[in-house]
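Take a look at the structures below.
First subunit A sits with subunit B, and in the next complex the same chain sits with subunit C.
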Partner chain A sequence: MAPAPALLTPLLCAGVRRWPGFLQKAALGPAGQNGRMVTGAPAPAVSEPQDSYELQSRILNVPLQHSDFFNVKELFSVKSLFEARVHLGHKAGCRHRFMEPYIFGNRLGQDIIDLDQTALNLQQALNFTAHVAYRKGIILFVSRNRQFSYLIENTARDCGEYAHTRYFKGGLLTNAQLLFGPTVRLPDLIIFLHTLNNVFEPHVAVRDAAKMNIPTVGIVDTNCNPCLITYPVPGNDDSPQAIQLFCQLFQTTINRAKEKRRQMEALHRLQSRDSEGSATSSAPDKSHSP
Partner chain B sequence: MAAPCVPCGRVLSRRLSHAVRASLCRRPGYWTTSAFDWQTGPRSQLLKLIHTTVVTTKKNAHVSRQQSYTQEFIKKQIEEFNIGKRHLANMMGEDPETFTEEDIDRAIAYLFPSGLFEKRARPIMKHPEHIFPKQRAIQWGEDGRPFHFLFYTGKQSYYSLMHEVYGKVLQLEKHRDPLSEKTEFRDLIGSRWLIKEELEEMLVEKLSDQDYAQFIRLLEKLLTLPCGPAEEEFVQKFRRSITIQSKKQLIEPVQYDGRGLAFSTGTGRRKSATAEAVVYEHGSGKIHVNGVDYLLYFPVTQDREQLMFPFHFLDRLEKHDVTCTVSGGGRSAQAGAIRLAMSKALCSFITEDEVEWLRQAGLLTPDPRIRERKKPGQEGARRKFTWKKR
Partner chain C sequence: MAGSRLERVGSVFSRTRDLMRAGVLKEKPVWFDIYEAFPPLREPVYRRPRLRYGKAKASIQDIFYQEDQIRAKFFSAYGSGQKAFDLFNPKFKSICQRFVEKYMELQNLGETDEEKLFVETGKALLAEGVILRRVREARTVNVGPQASSEGKQPQEEEARAQQEPKTALSPP
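Right after this comes the complex of A and B.
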């Protein structure tokens, strides 16, 4: 989980620039509260802002201590990926040079993707998505394949996030202030289910997200360029079963992360009420069961 | 004038000034007296005003103009409009509670008579929702998250509509009986699809022609599948009824003369000839023009054929008697005028379908062609003077 905290701090700093109110408190949190015990003796009544301050830092920092806080490993296995035909790539002639490390081999002219690497990358990507969803980030699903456009829009709507499977207008990310309004908030994560557009060229959003410092997760097939994508997931993006599997995985992780966030907030609200109330009551034992 | 009218006048002037100011701002350049020229000289300290054009190419001009119509502003405008409406009703001596929009229009036309030809330049007093264009409220909440899941596409209403229709199509295709190959025929006569402007107005979004075409194509595809009542209702939202042209045709009432014979009158005009025709229901095909038989009045066969055309078209050549008077124009114009008058009179004795046939044959349409004026520098309307090379 090495990349995750390193990437989250720029996210936090970017958030500070973009959305000062909420994230700034979290940014200042790690400096002071890192070594504090979570369950301690009932503290004396502290002033309200300081209390919510450490509450927020606790909610936001605790998941970062674990390597797989949301247990995304259990959502899939190499066997399930194989059954969903994620390992099938394009023909050898369509192979992209930078995809060669991810390719296991070639059978009868068709490239086979290495599912061990896929599993690793997918776990990292899902974990990152879960963390972004936990921190109430905006997630945008992008794809330009018309066959799965309806499915992806439904997936996005069901997990309460956003989708863009239509014609991508020029300055959507880079010129958003003009297109939408001066106080618009850009997505905090972009998930590409198809990295190429309808003429087999890299989607404009890949480059624009990199320009705007927006992290990306992308399913890269053997004819795609994985360079500018933060968390590439080598896999098949042409079979319906594979795309359905990926949509289910993303939907489950996002829902799980949001549910976890609600639980943590409820728990901490309860705890702060208890600690404020009586001095003699012991703090309830908190279990971090995912 | 009395005191109550003053706020109304202010309301009106403000509305008018808004319209005028908006129309001024829309033009790219406007005349100002911004430049001054110092006349250098021993004694002259005059300022000479020079009129110059100032081209307003401010980058975010359209953004700031849109932002000027905030919710509070619109609300204030609506309040002022309502107060002004009550004052106007008082002025006209009518009940303020039941003062409708037509009454407002009539009152304004009475109080501010304007001789301007352009109807949109005349003083108007309308509800602010008709004057200020409909705008969208801010699309995201306090935390910055947009409300609609397709917000980042740019055209959220249009794409969500397409998404919905496509979902319906998929559902119908799934539930369709795979053996039945027949396509449904629905009676769509009498209604038309929304035009692009109407759709834009409905969605409060700008669309392109291709978007609109895609949308109509998708709806037509939906209609080819077996639809239930819910889908029919959904599609009807995007259709508008059209009035059938023939229903607008005025049919003259049948009159009875002293002897009990049924007849009908009609008038017609062509170029500068006017005619009035009286067609009797029962007759033997005699036509009298200005008291003379048509064989004598129109020596040329072509004119007589024009007169016979409506009857020949309906196979009623020797069934009606016609008496008509005509004046003005030449022989061909008079013939055309009588033909139109006769056709109009004949409408009272025939069925609705036959009236529609007459209309489609062009017998009920007055010919709009008139003599074109002569222009200076030319010999006639089109003929130029003889061109001499040198």
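Right after this comes the complex of A and C.
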């Protein structure tokens, strides 16, 4: 069996929807003191130790060598972004200074976001998300816009990840050890569908994720600050069509990445069984090392 | 567990990499290899948002089309269209849009005089069954101190629109 991921204690229970169906992240593996997981975690005592090295090189490193291993480019196009009204920004007075490079122009007072840049950034963001999901990272969807909180929670449930669309308590990320328990695993990626909170200030989680060294992907509108977000995606975050498109894109990439991981593990298991079979037939007891 | 909470110093990646190099952070985070293989277009370093002072302006261009001149004339003559705009339909064509397209067609056929073109287009649309009602209201066409977003074109259009209604109505 593939090495079990680290212990996953009830994560982020304050205000976060937990979906028990998806929380069965395999048996308890050897967890660190803090619960942070390692790539190529120490394999359980059952399977062969060689296995973990093979696993590391084949399963984990191979996807990094392709520029678009999960083929996220085919999920969207500039035309589909346009039809979902992703290019519509706020009025010129609301514009944030750091969003200027991403803005194409101003049409009668309304900022229009440059969809070519959006497409590039979105491809990078989706690629990163897919790789994190492939490596069994925990993804947290954050948004404080009440209009879409139901949609986002459903999206998170459908791809087996987590969402937090309620009031973000002060030390949720920075003081997690106290709020949840000593062995808690923080998310490995935070996806912001709305970077601002209800008073049009940057969401606390943006700064906290940067503090806790958690990479972020975020949809930044023309009134948002894209500085601290690792993979910003300039786009409209107010229209329902745009948010539905983004939710659908993230859901598809995450599901695709997880499916790919299952396939690769199954393939690897078959191959190792074949190699074992041939090894035992030719020279017995070669693979079972202590 | 070692970590660096200085979000304003470098990027997440640079801090993690340096902590690992120093040997303080023992385990590699899940995302580290992925970031190394696919870095973002801009490194996510904190920047202090500074205001612009004096005459410094943002370098964002206005988006205007040639058809905007035609649209301005249409709206000043006929007011806002009789048919409501259906924004749900991506292929919706408003009366103004049909007017503009007919105008461009007639222009390509060789006509040059704008007044004539305008009248011709009106007649052509009437032939197709679209009724255009002229609007004669007390219009205060103010070429006032609009924001910097307006280029020279709308001012020209305003001037032309001012010339059109011959009956000059005094502003209230």
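We adopt the following convention: the second predicted complex is superposed on the first by the 229 of 290 C-alpha atoms of A that agree within 3 Å, B and C clash if a C-alpha of one lies under 4 Å from a C-alpha of the other, contacts with A are read in each partner's own complex, and residues count from 1 in each chain.
Note that a residue touches a chain if its C-beta (ideal position, glycine included) is under 8 Å from a C-beta of that chain, and two chains touch if they have at least 3 such contacts.
Note that the coordinates shown come from a computational prediction; the quantities given were computed from them, not determined experimentally.
In this superposed model built on subunit A, subunit B and subunit C occupy separate space and fit side by side. Once the two complexes are laid over each other on the shared chain, residue contacts for A:F98 go to subunit C alone; subunit B is not touched. By the touch criterion stated above, A:I214 is placed in contact with subunit C alone, subunit B being left untouched. In the superposition on chain A, A:N121 contacts subunit C only, with no contact to subunit B. After overlaying the two complexes on the shared chain, residue contacts for A:L179 are found with subunit B alone; subunit C is out of touch.
Put simply, more of the residues of subunit A are touched by C, taking subunit B and subunit C as the two choices. When the two structures are aligned on the shared chain, A:K169 is found in touch with subunit B, with no touch to subunit C. Touch criterion not met for A:L151: it reaches neither subunit B nor subunit C.
Once the two complexes are laid over each other on the shared chain, residue contacts for A:V62 go to neither subunit B nor subunit C.
When the two complexes are overlaid on their common chain A, residue A:E161 makes contact with subunit B while staying clear of subunit C. Taking the two complexes aligned on chain A, the least Cα distance separating subunit B from subunit C is 13 Å. The interface of subunit A with subunit B overlaps its interface with subunit C at residues 136.
The part of subunit A that touches subunit B in the complex is made up of residues 19, 22, 136, 138, 140, 150, 153, 156-157, 160-164, 166, 169, 172, 178-181, 183-185, 187. Across the complex, subunit C is touched by residues 32-34, 36-39, 60-61, 64-65, 83, 92, 95-98, 100, 103-109, 111-112, 120-121, 124, 127-128, 131-132, 135-137, 174, 188-189, 207, 210-216, 225, 227-232 of subunit A. Considering their complex, residues 60, 63, 138-140, 143-146, 149-155, 159, 163, 166-167, 170 of subunit B touch subunit A.
By the touch criterion stated above, subunit C contacts subunit A in their complex at residues 1, 3-7, 11-13, 15-16, 27-35, 37-38, 40-42, 44-47, 49-52, 58-63, 90, 147, 149.
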